Each structure stands twice: as C-alpha cells, then as structure tokens.
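Take this structure, written in structure tokens, and hold onto it; I'll ask about it next.
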Amino acid sequence: MESRPPLRELGLNAGKKARLHRILFDHGLRNGTAFFLPYDQGLEHGPRDFFANSQAGDPAYIVKLAIAGGFNGIAIQIGLAEKFYWDYAGEVPLVLKLNGKTDIPSDAEALSPVHASVEDAVRLGADAVGYTMYVGTPAQEADFAQYRQVRADAQRLGMPLIVWAYPRGAAIEAKGGKDSFYAVDYAARVASELGADVVKVNFPHPEKQKSVRPEYAAEFTSQQAIDAVVRSANRTLVLVSGGSKAGDQAMLDKAAQSMAAGGLGLIFGRNVWQRPYDESLRFIDSLKDVLAEYPSE
Amino acid sequence: MESRPPLRELGLNAGKKARLHRILFDHGLRNGTAFFLPYDQGLEHGPRDFFANSQAGDPAYIVKLAIAGGFNGIAIQIGLAEKFYWDYAGEVPLVLKLNGKTDIPSDAEALSPVHASVEDAVRLGADAVGYTMYVGTPAQEADFAQYRQVRADAQRLGMPLIVWAYPRGAAIEAKGGKDSFYAVDYAARVASELGADVVKVNFPHPEKQKSVRPEYAAEFTSQQAIDAVVRSANRTLVLVSGGSKAGDQAMLDKAAQSMAAGGLGLIFGRNVWQRPYDESLRFIDSLKDVLAEYPSE
Amino acid sequence: MESRPPLRELGLNAGKKARLHRILFDHGLRNGTAFFLPYDQGLEHGPRDFFANSQAGDPAYIVKLAIAGGFNGIAIQIGLAEKFYWDYAGEVPLVLKLNGKTDIPSDAEALSPVHASVEDAVRLGADAVGYTMYVGTPAQEADFAQYRQVRADAQRLGMPLIVWAYPRGAAIEAKGGKDSFYAVDYAARVASELGADVVKVNFPHPEKQKSVRPEYAAEFTSQQAIDAVVRSANRTLVLVSGGSKAGDQAMLDKAAQSMAAGGLGLIFGRNVWQRPYDESLRFIDSLKDVLAEYPSE
Amino acid sequence: MESRPPLRELGLNAGKKARLHRILFDHGLRNGTAFFLPYDQGLEHGPRDFFANSQAGDPAYIVKLAIAGGFNGIAIQIGLAEKFYWDYAGEVPLVLKLNGKTDIPSDAEALSPVHASVEDAVRLGADAVGYTMYVGTPAQEADFAQYRQVRADAQRLGMPLIVWAYPRGAAIEAKGGKDSFYAVDYAARVASELGADVVKVNFPHPEKQKSVRPEYAAEFTSQQAIDAVVRSANRTLVLVSGGSKAGDQAMLDKAAQSMAAGGLGLIFGRNVWQRPYDESLRFIDSLKDVLAEYPSE
Amino acid sequence: MESRPPLRELGLNAGKKARLHRILFDHGLRNGTAFFLPYDQGLEHGPRDFFANSQAGDPAYIVKLAIAGGFNGIAIQIGLAEKFYWDYAGEVPLVLKLNGKTDIPSDAEALSPVHASVEDAVRLGADAVGYTMYVGTPAQEADFAQYRQVRADAQRLGMPLIVWAYPRGAAIEAKGGKDSFYAVDYAARVASELGADVVKVNFPHPEKQKSVRPEYAAEFTSQQAIDAVVRSANRTLVLVSGGSKAGDQAMLDKAAQSMAAGGLGLIFGRNVWQRPYDESLRFIDSLKDVLAEYPSE
C-alpha cells in the first residue's frame, strides 16, 4: 500500500496549500482524502444524462446533495456557478470547471474551449479550478496554449489546479484507446509534467493491449496498473473518475484499489446522482467508508 | 404548471437585476412576462422576409409597432440601433443583438460573427444583449471563444445576456436535426451551463426521432417536451421563438404551452410583422392575453 | 437587543459571501460571530509591545495561539504572511492587512501607506483583507485614493474588506478626540458609506464631550453609544477593537455591550497576547463565552 | 583538437555570463565543461521510458541522482520544477525546459508548444532555459514565432538559452532523416544564427547519405562530422545528446569525439538513468573522466 | 546562543531559496553564514571615503578584493554593476543596490530614491537586491511606496531582498537617535513585517536611552540588545553593519555577539577597504574565523 505525501511536501505556494487544506480537512471526511461531485454532464453530454433521475437536472438538487452527502467539493461550469453557488457559498467548496464542450461534433481533434478564467474562480470564492486536457489530441498545440494561461494564472493566484487528463482523439484511438493502461498512465504523467496539482484520470484497463506501446503489452493486474498511474503522477495528487454508471460493487472495488495505490480520492458524478436521493446517500456512504481507511496528514 | 423563479433568486448582480426588472415590470404587461420583437431577419435572411408586408422593411415602422404593441423589447443589430434607436430611446427597451450572419454560405460549420460589444450596448442605453450560439456546430471552438468575451463583459457591466441557442451544423443534422426535442433540450442546457440569463429556443418537436440519442426516441407530448426544455434551462429564463410564419392558432397553442411550462415569454418576429399593421396589433393582443395568465413576482 | 442580519441579506457577491461564511461558520465558534487576533503592532508600535510577554514577538507563537484559541482569523502584514502563513495555511483564516505605518513620525496628517494588494491576499489564500482608514485626517484625499483601489479590487475578486476605521489627525483632536462617541460613530458610518464589508472600531466614549458636535454633547450610556455605532454601520458588520491592555472585566463588559448592540464580534490583540500563554487561553475562553450568547444564521 | 572559446569572448551580457559561469565553474567538474541530466521524457515519450528502472519515474530520485552524480544541471518541465526543485533549490542548477509535447499525435508537422516563460525560469531560480526547435518542420513559422519571444526574453533577463536543435518533420525525412550529418549540421547552424547560447544536437551520422544534399554525400569520419557541427555552431556552445539507450563504449566514444571537436559537454538522460543507481553513478564517472581531459577557462 | 533557522523553514519561494543557497553555500565559508562587502559609499558619502586608501576608489580593486577575500557577495549601485560586474560575472555574487542618495542635503526627511529595478538585477545576474529604508522618516509614505514595488517584484522574480533598515530623520533624532536599541530594534521589526528576506542593521546601543520609549530606558547588555534585535527580525535573517571604521577588536567583538545572537553574518565595507590590501585580507580572515564558529544547515 502506497501513501500520499502530506501537503507540505508538494511545493505548493501558500494560497494553493490553504485552499487544498480547506478542501481536504474542513470538508468531507476531514482526513486528507477527497470525494468530489462533478456536474458538467449537462454541457458535455446534454440533459439525456438526467433521464435516469430527472431531479438531477436541477442544479440546486445537486448542490444540496453535495452538502448532504458531505462532499469535498462540487465541480460545475461558470453558468451554474453564477446562478446557483451564491446561494450556498462556502457551504461546500466550489471547483470551477474552466473549459468544456458538447459531444455533438466529432471528437477526432478534440479540444475543450475555455469559458471562464481563474480570476472568475477567485471572484466566486472557488477553492480550485478544473481544466480538461485531451492528451494525445491532434489539437494539442491549441490545448496546451490555453492550458498554459490557466496554469500560470492558477500559480499566480494560489488556486489549486485539477486537470481532467483525458486521452482522446484519433491518434489515441489508433494506439489502444482512451482507457488503456498506456493511455491513462501517459495522461497522468503529462498532467504532472505540466504542473497540475491534482489529476483526474479514468481507471486504467491493462487488459486493453491492442496497438499499445510494447512496454504495456504484458500482464498487469488492475492494482499494478493504478499503482503505476499514481506513481507516474508523483506529487500531483490523483482522483479516480467514476465514468458512466456501472455496478456498485465494481465502483467500490475501483475505489479501494485507487486508494490503496496512494490516490487522493474519487470524483464520481453519474454513479452518484443517476439514482434516487436516498440511494445516492447510501452509495456515497459506502464510498466514504473506503476513503475513511486512508487518512493522511 | 411550472412557475418561474423571481428575479431575486437567480443570482443576478445588481445591474442585471435592475435592467431585467425594467424590461419585465416597466414594459409590456408589467407582470413579469416578456414579449420581444426580434428584427434581425434583414441580415439573417435578407429583404425577402419583407415581401409579405413591404412596410416591415422600414426599421422605423417596426420600432413604432413595438411601442404601439407594448413589447418588452426590440432586438436589432448595431447598424439599425445606431440609426433608429436614438429617436425612440427609452420608449421601448433595446436588446442589442451582438452577432449575426447572412444565410448565403453553407451552414455546415455555422458561426455567427460578433459585430458589436456589450459596451456598445451600454452606450446605446440597451437593457440586454443578444448572442446567437450555434450549439453542436463543428466551429464550436470559435463560437465559444467569442461568446466567452460577451459573457464576461455582460457580467462585468451588469447587462442581461439573452442567448439565441440554435442547434446547427452538419453534426446536428446527423443527429436528428435542429428542432428535435434532443437538440432543443441540449441547446437550452448549454446556454444555462455557460451563463445565459435568458435563452431563446425554438419549440421542440418530440416527434422528430430519427437519429436522435436513444433517450429521446420515445413518446413525448409537446407539453412534456417544452416542460423538459424549461427545466434543463433551470435558472436561465426561457423565451420561445416564433420561427417562420405559421398559423395563428398554432402560435397561440405554442405560446400557451411554453408559458405553462414556466417559460418567461415569447420572441416573435415574422409572425408579427409579416402582415398589415392592424392585423399585427390584433395578433399581438391575442398573444398578450396568453401571457396575462402567467404573472410572476 | 439588536440582531445581526444574515449574510444572504447583505448584498455580497458569491466570493465575499463564501469567504465570510468560511470565517464565521468553519472557524471560531462556528455560530456567525467573529473573534479576530490582530498582530501588526510590531509595525504600528514596534517591538516594545512584546516586552510584556517576550514570546509574543515570535509570529509563530501568535499563529499557534490563534489556532489553539480557536480564532476566526489572524490579521498580519505581508512580510509575516509570506514567511509564516504558508506553514499553517488553511488552519486559521488569514486577514491580510494591506496598509500600515510606524508610529515614529507625527500623526497630525496620519496616512497608512499600502504595502500589499488584494491580489497578494488571493495568492496567499487569505479570506479577507484589512485596510486602515484614518477618518478625519487632513490627508484624506490620499487615504481615499488608495482605499478606492482596494475597495474596487476587493469587489472584483470577491474578497471581504475589513476597514480599521480610526478617527485620527489634528482635526479629530480638535473635535473631541479619537475615541469620542462622535468620532467613532462618524468613522463607522464612513466605512459603511464607502463599501466596507466589516468595520473595526474602538469602543465609543460618550462621556468625552469636549469640543464634539452638539448632537453628541448629551447624556448617552455606553450601550446607547455602541447601539448607535452599529446602526450607523448598517449592513457593514461591526468588530470592536480591544485597544491597549486594560482590565479583563472592562473588556468583558465592552464585549457584552458590543454583541448586545448587534456587533459581529471582537478583534483583540494586546489584551490577548500581552500575558502568558495559559492566561491568554483562559481570557480567550471567557470572551468566547460572551460570543456564544449571540449566534446568528 | 579544437578548443572552446572562453566565456568572455562570446559576447554574452553580464547575466548570461554570470549564470553560465555558475553552471560551468561552480558545479560538475568546475573546469568549464558541462554534463547535463535531461528529464522530460515523461512528457515527450510517456512513462514507458521508466520501465527499465522504475525508480527513475520519481523526479525526486532523479534530482538526487543529479546532485550525487555532480551534474552541471538538470533539465525539467515547469510542473516538475514547481513541485520538486524548491526542495533542492540551488543544490544543482536548474535548466527550465520551456516547451514540450507528447509523442502521441503525428510528428509530420512537429511543433513543441511553450509551457512556461523565461520569467518563470527567473522566478524558480533557474540558471538556463531550454527550447526545442524542430529544424525543418513544415510548422517552422509557428516554431520560430514562439522561439523569437523566448530568445528576446532570455536576452532581456540575462538567461542563457539552450536550444534542443532537432531536425524533424516530413521534409527532413525526405532529405536524409533526422540524424544525418546534413541535418545535424544544419540544425546546429540554425541555432547559432538565431541566437542560442548553447545548442544540444544529436551526434551526426555521416554514413546516412540517402537523399541528403550533395555536399554531404561523401566520405566523412565521425570525427570530421562532429568537428564540422561544432564549427557550424561557432560561438554557440555545443552539447551532444545521448539519445535512446545504447552501449556504454559507444557512448564514451561519442563523448570523446564530441569533446575533441571542441564541444562544451554532454546531455545524457536515458543512458544514465535507465539502469540501477550504482551503475548510473559508475557510468557518470566514466563520462566525467572524458570531460576532465577538456578543461577550459 | 541562538540558532538560525534553515532556509527551508523561511517560507521562501524556489528562486529566493536557490539564490540564497548559492550565496550561503557556494561562496564564502559555504557554511550558511554570510559576509558581504558593501561598496556604495562613493554615492552615499562621496570619494572622501577613499582618501584613507586611494586604491579603494577603483571598483575593479574592490571586486578583486571581494573575490580574493572570499566574500559571499558584493553590494554595488547600477552604474558600477554595468561597468565592472560583467568582467567578473559569477565569480562573486552580486547584490544590486537599488536605491541610494548623496549626503549633501539634510537628512531630516530622509528618502533614498530608486535607481534600478529588480529586473535590472535579474539581467545582470545578481543573486540579491538591496534597498535602503529610512525607518521613522517623515517621508515614510514615499519610502514605503517605492519599497512596495521592489518587494513585489522581488517576490515575483524570486530575488532575495536585503533591506538596509536605517532609523533616520528628525523624528528618530527626537526619540533617541539612529543607533539606540529602541531605533535599531524597531527598524529590524519593520523590515520583517514588510517582507525583507535579510535585514542589515547597525549594532544597537542600549546605553543610548535619552528620549527613547520607556520600555528601552533600562539596563541592557550589548548581547541582550542584539539578541532582541535578531528575535524582532524573526524569519528575516540579520546582517550586522560595520559602520564607519573603528578598532578591529571592537569589530570582532560586535561580530561575535551578532553571531551568538543568531545573526546571519556581517556586511563590512569601510572597516575592510580603508586599509592596505594585505591588511584587508588579514582582517577579513579574522572575521571569517568568527563566522566559522556558527555554521548552519
């Protein structure tokens, strides 16, 4: 079992450290782990994601769920932040998602345009910002260019930067696909090399070996794969994404393996809110039981 | 029947609230509903739209009609605003339409270029600005980039932002077309996620199910569809567009369903002014009778 | 007994509300009251203030005392913030004091020069900024000019602004002195008129009537005076200053009257740390007993 | 045997000279030669480069190896610099690599986007900056445009500029490939013509003559080729790159020829850290034995 | 005996830490102590200071003396830095003195105007900047205003900031004079409160009690006074100034007491170079013998 480094060893400036400390020790389990509720699917996939539980289409329902469930933060786009966060300001940390796109046009040259600035996040009282980087996209020059500004502003303003590191685009599809061990491992490393404080990754699938780099075309257990991903991220803390809704036990196993690997925590959206309120809270509790076993300084 | 939230619950800053209050309570029915007269078809379609009633080609005629008809606002491009609005400044609220294009080139990668700034709108005494976003266009990066500046300026200057949320482009055509329930619902949500104060949508057609996402390939009544669209927009107020001229009763039905769904009101152009002056006023009155049934705080 | 308004009624933007919520409900008594520890006397008076308890000259001692005593925040200058706050970042809210001066030159035209920006406060993870305004100084033009920039930046960045409203300068001395009811009441109002979110005042002395405006040359109890001061500040929340060290019971009485008047809380420095550690904690507890009687939403 | 010019003859401004002096005479062999450890392969190739020695995936391991091995500097990207260098600041010179990319999309129009500024390097206490220029790429306009800013900033701030001069792209492949004598010689010259203080090149392969310019389609020894490359660079000092891992003796020969040609030194990454720690140190020592034979003022 | 804190505990950013590490561990005794040679007396006092040893009027003589004597740095104005430092760049650290004045006009409202920027220091390859602050001057507003820019730039660019904290002006003269314990103690604290990384003070004279604050009008030994001054500076490292030339044994005693108090080191100019070269070196050696007894991490 790997251990997470304490905040004081991560080279964070005072503002980043203060805000991460608030997220990790003033909210959620207050034990150094993190459980975030992402809610940008209305933009990324459209309202179809809310058909399973139509209440979930109401941002106020989700913010209240985040507070009731004791999340460490809620990740939303600028529009919902402007219209809903003021009402609950300070009750749950805000992660302002700075870029996003619809899934209507083709993903071959994926790029997620920026909608808000780090200064918007400061103005709204956010404790972190989120940026989706499409690792491997043919549009990497444009992606890196807009990311650079975000990274520099976040450093200047002491705002923790969470990178959604998503392998994506035609070249990734040709080299094993977006959730292969190779792709996820590379994505975690890119986020670290380029200055993310926290990286959100999908759980790696070491069994997807078709067309991956030869180093990854071997036998790896899930645990070995997620261990490697967390090591590749080094001082960039790792959040594991829930992805589309799947079986609860599979989710709990994924969570346990991620935490055993030294991960910071989880960021689960659809798996949490695509079910009735009470069931959401029960599922949240079972995930928090996992996190409770991995306290850190 | 759904109800609209009062302005004080929308997270608006003082300037946005003051201007929306003027639009909704000092003009029109003064009951919290809105009825806008859009007049940018000369740019979007060309003078062919004025052949049915040649007087409608004269902007002064339209402004006078807006005043006589008791509209909550008139939406025009910068050129007409500069040349005609000074004459009637303050008599009817101005919605400065900030972008627009001709319909001559192909719509496959639709993008509506910006012609004026939010600061132009302030200078002209406008009470809101309008922006056309082509949801789903392959040009979404450029669209979102110019929208970002508009949104930020509108926030900074306290100017209400009305988004014309139009599904458009080849990818939309391949996924059910621009007025499918799927497309309209997604468009309303995108406007909300990205910070529109008001969104203008076309009335959704749930019967258009070819190639739409599976969640939308089911039986929905018109009322169910427009209810869902208004819910997807959440704290972004919804205006339903008239579109090309159709039968009056169909229009009245559409209006009634939109208001019953919790919509803010209507934005009808060609259906209003593509007929003689007196008939226009009579039709306006019948639509206002509908709006009168949906007062709010 | 007057009551404080809840944060949601103060016209705060989201960032100011989030940060004040954190200060008032995630720290201290978590009941909507505030107890701040100011520590800029090393600049304002010099190290002589630490002779009563030499440990108090060490900023690390003071930060630890603030954490152990459960304060809602600690107010320090940029130099100590850069060198000490990173170590405890997030454990106690930081109020970055933006201006300050030595007491060596004459106070007749008092002005407190700015040493740091609101953006510095953001970068350091502060939850509020402090500004000393010398109400009544002949240098008021320079004072207001630098204050204007601070206020505008604080508004733009969502940072709560605490104004140390100190009547000062030759003209104040000629009109009753710096702690007359007249002077304190005027100072509280000026802070409110000019946009402070919180104002720090000295406790008013209604018995000092020499040369004050005739309206104040009458019999007022201390309670009447502090009631009036809090009313003058209206939606600007009021902190009462401890001033130089005095008897504990006098301090407790002052605290009780301030809270009964609808004050937000206390900001006591020398009275707290000019005594041994254990005595400091005991005195803090007795003051917190007072605050505990005045919870608010 | 060619000799290197002393720093005072290179036309360097005071800052560039001071920093190069520190690199060359306060670190490493302190004899005017340089041995750098590059560590950006996690971004350029992904974590697969660490499979040969999994410890090498940990940046702290590499920084410690750089200190223990007595390197003249370590070249890393902004993310690792922010998170790891503070811990060892000043113990080994930092070369901040300003641009970089993944190897996932096609290299045909290679361009390495900029992630950090020369001012970032100053802030982090770096003694040099690195920039990858893809000589011959069809994207040379974008490459030169971003390089121009880097060069100008480096000149203004007195920061030595090391150019990774890599022939790359479809046109290079069509004219002999990226490590032909022709391509390397041209790359060295381009760096010199455009103001690099130091250039990193791959060792030239004069035997690769297919499709090269006729002047290079002749018999040249390796020594003749590297002599020519160093001459082409003139007052731009030359570092020879290790490239992918190869036999130790081949590396030592390459090193000896490079130094005999008047090279400044070596920049070896994978050849150093793709082996166990003790073997790394032994190999470093054998390379430093070569460098020790080429002292300069 | 007090101990100095290690660099890693001072809250320094990476650049400040790297540059201080270079000064303290790559030069001088390389043991964490500092011995600087200041050479701005030609501006501050005029060439009269060079009459005792006319060679000392030649900046090249002084730079060579600094190198031969193994100083940790030389502090000079922009003009001499431009004309002399390039020649020895990197051989001895440069402290660029950013402000300075002649002693011709009255000192009553002392202010030292800025001649160069932190960016100039970066460009010249300096490892620190120096700023003279006249603590207590009636011109404190102008002094603090220009200091604020220097502090912010030094923070932004990772440049250590050494403050020459000099009590000065009519108000200081009226309160005990510039080298009283009161004045020096206050000056050290002001530098710390306002963000100096290192402060240069004159050795305090506790016997000068006329007109000082009552707290200082008591019996203190020299050791007690310098102990207090170093404590007042807390995480700002203390350099003790030589001042005008005095007896060698008095200087050695002052040095020993300063180091025993936890000082960082010495900054001696006239006492060093107002004597022949060989005597200078002998005196330097005897002072370094003192520093050698106070190593730190």
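Per-chain numbering from 1; labels A, B, C, D and E assigned in written order.
In the analysis below, a contact is a pair of C-beta atoms (placed from the backbone, for glycine too) under 8 Å apart; a residue touches a chain by one contact, two chains touch by 3 or more.
In this text the structure is predicted, and so the values were computed from the model without any measurement.
Asker: Can you identify the chain nearest the overall CA centroid, using each chain's own CA centroid?
Answerer: The most central chain, going by mean C-alpha position, is A.
Asker: For the copies subunit A and subunit B, give the interface type as same if over half of its residue numbers appear on both sides, and as different if under half do.
Answerer: Mostly different residues: under half of the interface numbers shared.
Asker: Return the distance between the CA-based centres of subunit C and subunit D, expressed in whole Å.
Answerer: One centre to the other, that is 56 Å.
Asker: Let me have the rounded angstrom distance from the C-alpha centre of subunit C over to the C-alpha centre of subunit E, please.
Answerer: 35
Asker: When the C-alpha atoms of subunit B and subunit E are each averaged to a single point, how far apart are the two points in Å?
Answerer: Whole-Å distance between the two chain centres: 68.
Asker: What positions in subunit C touch 2 or more of the other chains?
Answerer: 13-14, 82, 85-87
Asker: Tell me, which parts of subunit E touch subunit C in their complex?
Answerer: Residues of subunit E touching subunit C: 9-11, 135-138, 140-141, 144-145, 148, 151-152, 155, 167, 169, 171-172, 175, 182, 185-186, 189-196, 213, 215-216, 228, 231-232, 234-236.
Asker: Could you please specify the touching residues of subunit D with respect to subunit E in the complex?
Answerer: Against subunit E, subunit D makes touches at 8, 13-22, 25-26, 81-82, 85-87, 89-91, 94, 119, 122-125, 156-158.
Asker: Going by the contact rule set out above, which residues of subunit D touch subunit A in the complex?
Answerer: Those residues of subunit D that touch subunit A are 40, 42-43, 46-48, 50-51, 54, 57-60, 77-80, 82-87, 100-102, 104-106, 111, 113-117, 120, 142.
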